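There are two complexes below, and they share chain A, which is joined by chain B in the first and by chain C in the second.
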Partner chain A sequence: MKLRTLTLGLAGAAVAAGGAMAQDGDPIELGIPVFLSGAASGPFGLPQQNGATVLIEALNAGEVPAPYDQVGINGRQVEATYVDEAADPVQEYRNLVERDEVDAVVGYTSSGNCKAVAPLAEELQQLTVLVDCGTPQIFESVVTDPTYLFRTGPTGTIDSVGAVRYLMDTGVDMSRVAGINQNYAWGQDAWADFTGSLEALETGSDITTEQFPQVFAGQYGAEVSALLTSGANAIHTSFWGGDLEAFILQAAPRGLFQRSAVVMTTGEAAMQRLPDEIPEGAIIGARGPYSYFAPDTELANWFRETYEAEYGNPPSYPAWKMAQAILGLKAAWEKADSDDPAEIAAAFENLEFETPAGTVRMAIGNGHQAIQGIAYGTYALDDEGNPTVENVISYNAECVNPPADQTAAEWIEAGFPGADCE
Partner chain B sequence: MLKFTAIMLDGMNYAAWLFLVAVGLTLIYGVMRILNIAHGAFYAIGAYVCASALGVFYAAGLPGALAFAVMGVVALIAGVIVGLVVERGVLRFLYGRDEVLMVLVTYALFLILEDAVKLIWGVESYFVYQPYAYFGFVEIGGLPYQVYDLMIVALAIVMGIALWFWLERSRMGRMTTAVVADREISAAMGINVTRIFATTFAIGTVFAVIGGVVTAPKIAVTPGIGVEVIILAFAVVVIGGLGSIPGAAIGAIFAGYARAMSVHLAPAYELFAIYAVMAVVLAIRPHGLFARASGRKI
Partner chain C sequence: MMKTDFRREPLYIAILAVLLIVGFFLPSWLRFLLQTALAGGLVALGVALQMRAGLVNFGQGLYYALGGYAVGMLAAQAGITDIFILLIAAVLVSTVAGIVLGLLLSRYREIFYAMLSLAVSMILYGLLVKAAWLGSTDGFNIPPVSYLGWTPDRAVRPDIYYVTTAVLTVIACLATARYLTSGAGMLCEAVAENEIRLEYLGASPRKVAFIVIVVASALSGLGGGLLAMSTGHVDPLMTNWTTSGGFVFVALLAGRGSTIAPVIGFFLLELVRTYALDLAPNAWQMILGLVMLAVILLLPEGLWSLIERRRKA
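Then we have the complex of A and B:
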């Protein structure tokens, strides 16, 4: 592996050579950037780290149900190095690749960070799996001809398209609609897809206010006032992490959820953390078929029970997506049956693999971007006072994802051609 | 009319919060000439200490109204302890050094305290939302508004008046004002400058901690919450003029209403609203609205 310390110009060849020379007994080193500080650490970073830890331990012990019952990854043990995504993402990525010489990088939640490291993955020819970030821009404009970069979580497009379809299917009055989203790629894309979907589905909605506070602002009193005074019947938010939690804490006591149907596309991540503060009836998404929306399969039940036994609470969707990313990498690695990053990447392209959240297909973004379905439901407390979701409606992957030859914006603007929502 | 009401309330509420988190910064600079970057960490410590104290308080099942007394006591104790430890333990050895060096020292302190917070409280979030919902909301002109937010406005006014009274009417305050005017002459006249500095720094820290304490019930208390605050606090004191208490109040009002108007009238520009005001003020008055005229020392 020392070859990889040579000049940058030789880096690509050295990576391949290094991989080919690895001994069967050498552990596979994964660099895992997750939020270990900041407002996203509690709701995102920790469950992701916990999800990775519990899965890697089980993989190394050969305890994961089929089809992942082969020990480790392709028979090799797996080791993880966790770094803080809140630090300089580019510098930390370079540290993982050039200093720590990890075999693959698996992580990232923030769309801004994903955009920052995506070109580096290709430049450094480093196998990289993006876990949770949602901006469709990654393979539509940032890296349009990817080789080493993959994203096993679906784009945010499914959240917005699914949210509009759910509002329609449940008969919510959408004559007056408002939005509050963070002012960066994630929030702007989410709102653009949401309003585009409103137009495409001809809901006839008037947009009463579009709020774009700074990410991690924390103080939303004025924004809540603006939403309250706007008279919106339905409100869309893609807030996540501490921002979503602060928004709930500041909006719920003022009755916003009683005045309007509020759809929170990442709301599931707050359910276990603020069970008594989220008003019942709030519309909850999990950015895919995760957690409360997961299928009843052996793999899903194993993951849920193993995680809960270890940490005392069920995994929230960030943990599910982390597990999904690692299992995708394992599936590709074992399909390639090689340690050569180029061969693993080739095997990853257009891969179809099983996860606790069902089947994932790397179907768009030249075979580097996953598609999955989405589900929404309304928040409720069960008889024991535990958070749950009711009135769940699921939409399959072909209903909420653009086809491979169109960008999300083009597909939405054209009125979802080819969408199969049966 | 509803929108006008909302702008007036939201601007006032945000200005009050900004004043609480910024006034300590300007007080310390005015007296000690220390641009205290660690102010954001003091704010974060306030939020964490509040979260921990109220966590114990609610676990004990005590009456909810007492929580506000706990918040006050916690803010006072934590602020004084942290302020005196930092001032006596670090800063007093560096008095008389260049202001730029003091910026670097307090920046280092900020980083150390941020990590100390993670060491003590971990990276998991803390929630103490009960005080925010305790008094519910009132309808003002048809707009539901949390009583807690109105209490922050009242607190900022009371604290501002108390600070003014201390500076203008108390013996200690007069001596502090003398130190601001000329540190060497004050010392020659028998004023204990060291004591003035320690007291000022502790008071400034208490204000930062109060900011964190009153904010904790509205947010997820997590590592890193002090970063945004220090940037906003700097913007406020730069608008008002570094070192000026009235300047901090006016700066907070300018910034608060700029943000509220932007949110309600032009939300796309909210991100820039406060900094646009700062840029305009600095273009017209480079030292801020309330900067004192100062003679050049040879």
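Then we have the complex of A and C:
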């Protein structure tokens, strides 16, 4: 009888779900949602999963350099459950929290997913660390009074503000500016911040063209033509992943990079993939001080070398951001020296912690949102033909992030009041 | 051919109601899955209804998104949080859209109907993606809703959401069953079988098609509104063709023999999906695909044919 089978099945699932609660001394379970399928899995999901895997392995073995040399997290071993972010984010978040009963959720790259799970983290009172999503709205409008929700990655604002500052500081003629961004939230926000920053810094720029091709379009012939004929001196793009690579492959042979200074805010992720195709001199960003822009510290070098030894290529910025999130959680957990989520959350608030990418401060969003500086540089191949960056200029966190009492949009609109760029 | 007898519908719906009462005691994640599946199931039901008239709608997500966005925009931007107003608005908006589009779409059949409905839903998708003020692809969040001036506590909120969704689903199934036993509902299959003969008998196939489109749009709008409430978030993916394709698939997988088939089918599919994700985070689509293939090969008339077959035997 079909219906009886169904009822029995449901009842069985109900029994199976009421598993044992985690006890002290058991491993700490981290739920890690990253993209395991779809267009974002290659450029983001894979390096994030790899970064988490090597870091957790090293943490459990106690091999991470100081100040993270304590085994695991607060002496407890760490276990990770990876889940595909491409599935329904709200349902899978609930599954992690209520079915798998993880101790903390660390992940998310898509801003849409971050927005969807942010209120849930507070509702379910679940310690949650957002890794990579860029929208500043999370703590500005979605969750204004956070307790359990944190984001250790800086917002997307710093990419655009830093890009404008870099163009100005390197003496690029800013009279004619153009942009090409994907027509979805990420591209629209990046371009809005970029043009807002142009106005805030009074560059007097004339926007010659703004191209918004469909996300994952893959073909940019017409857009490149429009950019070439627009006569722009500087071009901004927030393309990422396959779209960025397609854009580079299609725009470089047509001389776009010779004619204009092209800023690629996520360009770092393409460096290992297209070392010979990216024209030297193209302006590259990594959405923060990651990867080639990371400081020369023991922790940074350890992370880079360990990752490369495991996977054969150096970590791209999403891997650094994942490491940053896990280390932030570890720092908070050990500062609290308790397994009570409320105490860990309290210790996380306004925390200052070391990461492979330098010191991170949870300074805005009521102490739940990290600020970090950003760096840009120009692409070059070193003597051995390895991709690298030169002419690097770093901007400190206070220069490119809004103060705690202002939203990113207000801050840009007001002309960066209180920005400290020394 | 699928049975057209819907006299047993009240019994099936009673069984659904009992299942939903049992569902109340499921662990919270599973109950949430059931709750969102009920919302999606209503849309799949809308698709299944149209299939009875031979119309395959590859753009049913349009009404689903309209319902969701109607709830979202009223709650998040206009500050109206009463659930009854929100859901009535969701049904109203999608029904009006269904009436307007039905006037056009009821003239078309087969692939033309499928493609036109797909095109219209993708136009809405394109508009929403361009609308930065609605969060573009990120969508936006919806505040908790109130019930006639009462805003439930955080602790009981999920219970109330579930009860509301379950009750409305049962009511919607009852209303649909009532429609299916009416003249307009019973003629659906005649439209699929032989329109010319139907016209000779004095009925208007266009009118029958129009009515089924409108009924389906109302159901989908309710589904969209319920989903928006449950997840507290809407985004343009609701009207993307992949979402609509999923509804078509559930309608095929579940079978068209009962109004409760798509609702239960949607839940079973989501259950397979979530366990596939848990078991094989890197290959869950493959498991899902294999299950779908198996159902199509072994049960070409859908899951419901298991029950139909038993009854005939």
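Rule of thumb we're sticking to: the second predicted complex is superposed on the first by the 400 of 422 C-alpha atoms of A that agree within 3 Å, B and C clash if a C-alpha of one lies under 4 Å from a C-alpha of the other, contacts with A are read in each partner's own complex, and residues count from 1 in each chain.
Following the convention adopted for this analysis, a residue touches a chain if its C-beta (ideal position, glycine included) is under 8 Å from a C-beta of that chain, and two chains touch if they have at least 3 such contacts.
Please read these numbers as outputs of a predicted model, since none were measured by experiment.
Enquirer: Of the partners chain B and chain C, which touch A:Q219 in the superposed model: first, second, both, neither?
Expert: The answer is first: A:Q219 touches chain B but not chain C.
Enquirer: With the two structures laid over each other on chain A, which partner does A:K335 touch: chain B (first), chain C (second), both, or neither?
Expert: Neither chain B nor chain C is touched by A:K335.
Enquirer: Quick one: classify A:R304 as touching chain B (first), chain C (second), both or neither.
Expert: Neither partner.
Enquirer: Going by the contact rule set out at the top, does A:R361 touch chain B (first), chain C (second), both, or neither?
Expert: Touch partners of A:R361: none, neither chain B nor chain C.
Enquirer: After superposition on the shared chain, which partner residues are touched by A:R176: those of chain B (first), chain C (second), both, or neither?
Expert: In the superposition, A:R176 contacts neither chain B nor chain C.
Enquirer: If you stack the two complexes on chain A, which partner ends up touching A:P43: first (chain B), second (chain C), both, or neither?
Expert: first
Enquirer: Taking the superposition as given, does A:A246 touch the first partner, chain B, the second, chain C, both, or neither?
Expert: A:A246 contacts chain B only, not chain C.
Enquirer: Across the two complexes, what residues of chain A are contacted by chain B and by chain C?
Expert: The answer is residues 36-37, 183 of chain A.
Enquirer: Of all residues in chain A, which touch chain C in the complex?
Expert: Listed in rising order, the residues of chain A that touch chain C are 1-3, 6-7, 10, 13-14, 17-18, 36-37, 82-84, 87-88, 90-92, 94-95, 97-100, 110-112, 115-116, 118-120, 123, 135, 137, 142, 183-186, 188-189, 192, 215.
Enquirer: Enumerate the contact residues on chain B facing chain A in the complex.
Expert: Within the complex, chain B touches chain A at residues 2-3, 6, 9-11, 13-14, 17, 114, 118, 123-125, 127, 129, 132-133, 136-137, 143-146, 149, 215, 217-220, 222-225, 228, 259-260, 263-264, 267-268, 270-271.
Enquirer: Which positions of chain A touch chain B when the two form their complex?
Expert: 36-39, 41-43, 45-46, 86, 183, 209-214, 216-219, 221-223, 225-226, 228-229, 241-242, 245-246, 249-250, 253-255, 273-274, 277
Enquirer: Which residues, counting only chain C, touch chain A once they are in their complex?
Expert: 15, 19, 22-23, 25-30, 32-33, 36, 129-130, 132, 135-141, 154, 157, 231-233, 235, 264, 270-271, 273-274, 277-278, 281-282, 284-285, 306-307, 310
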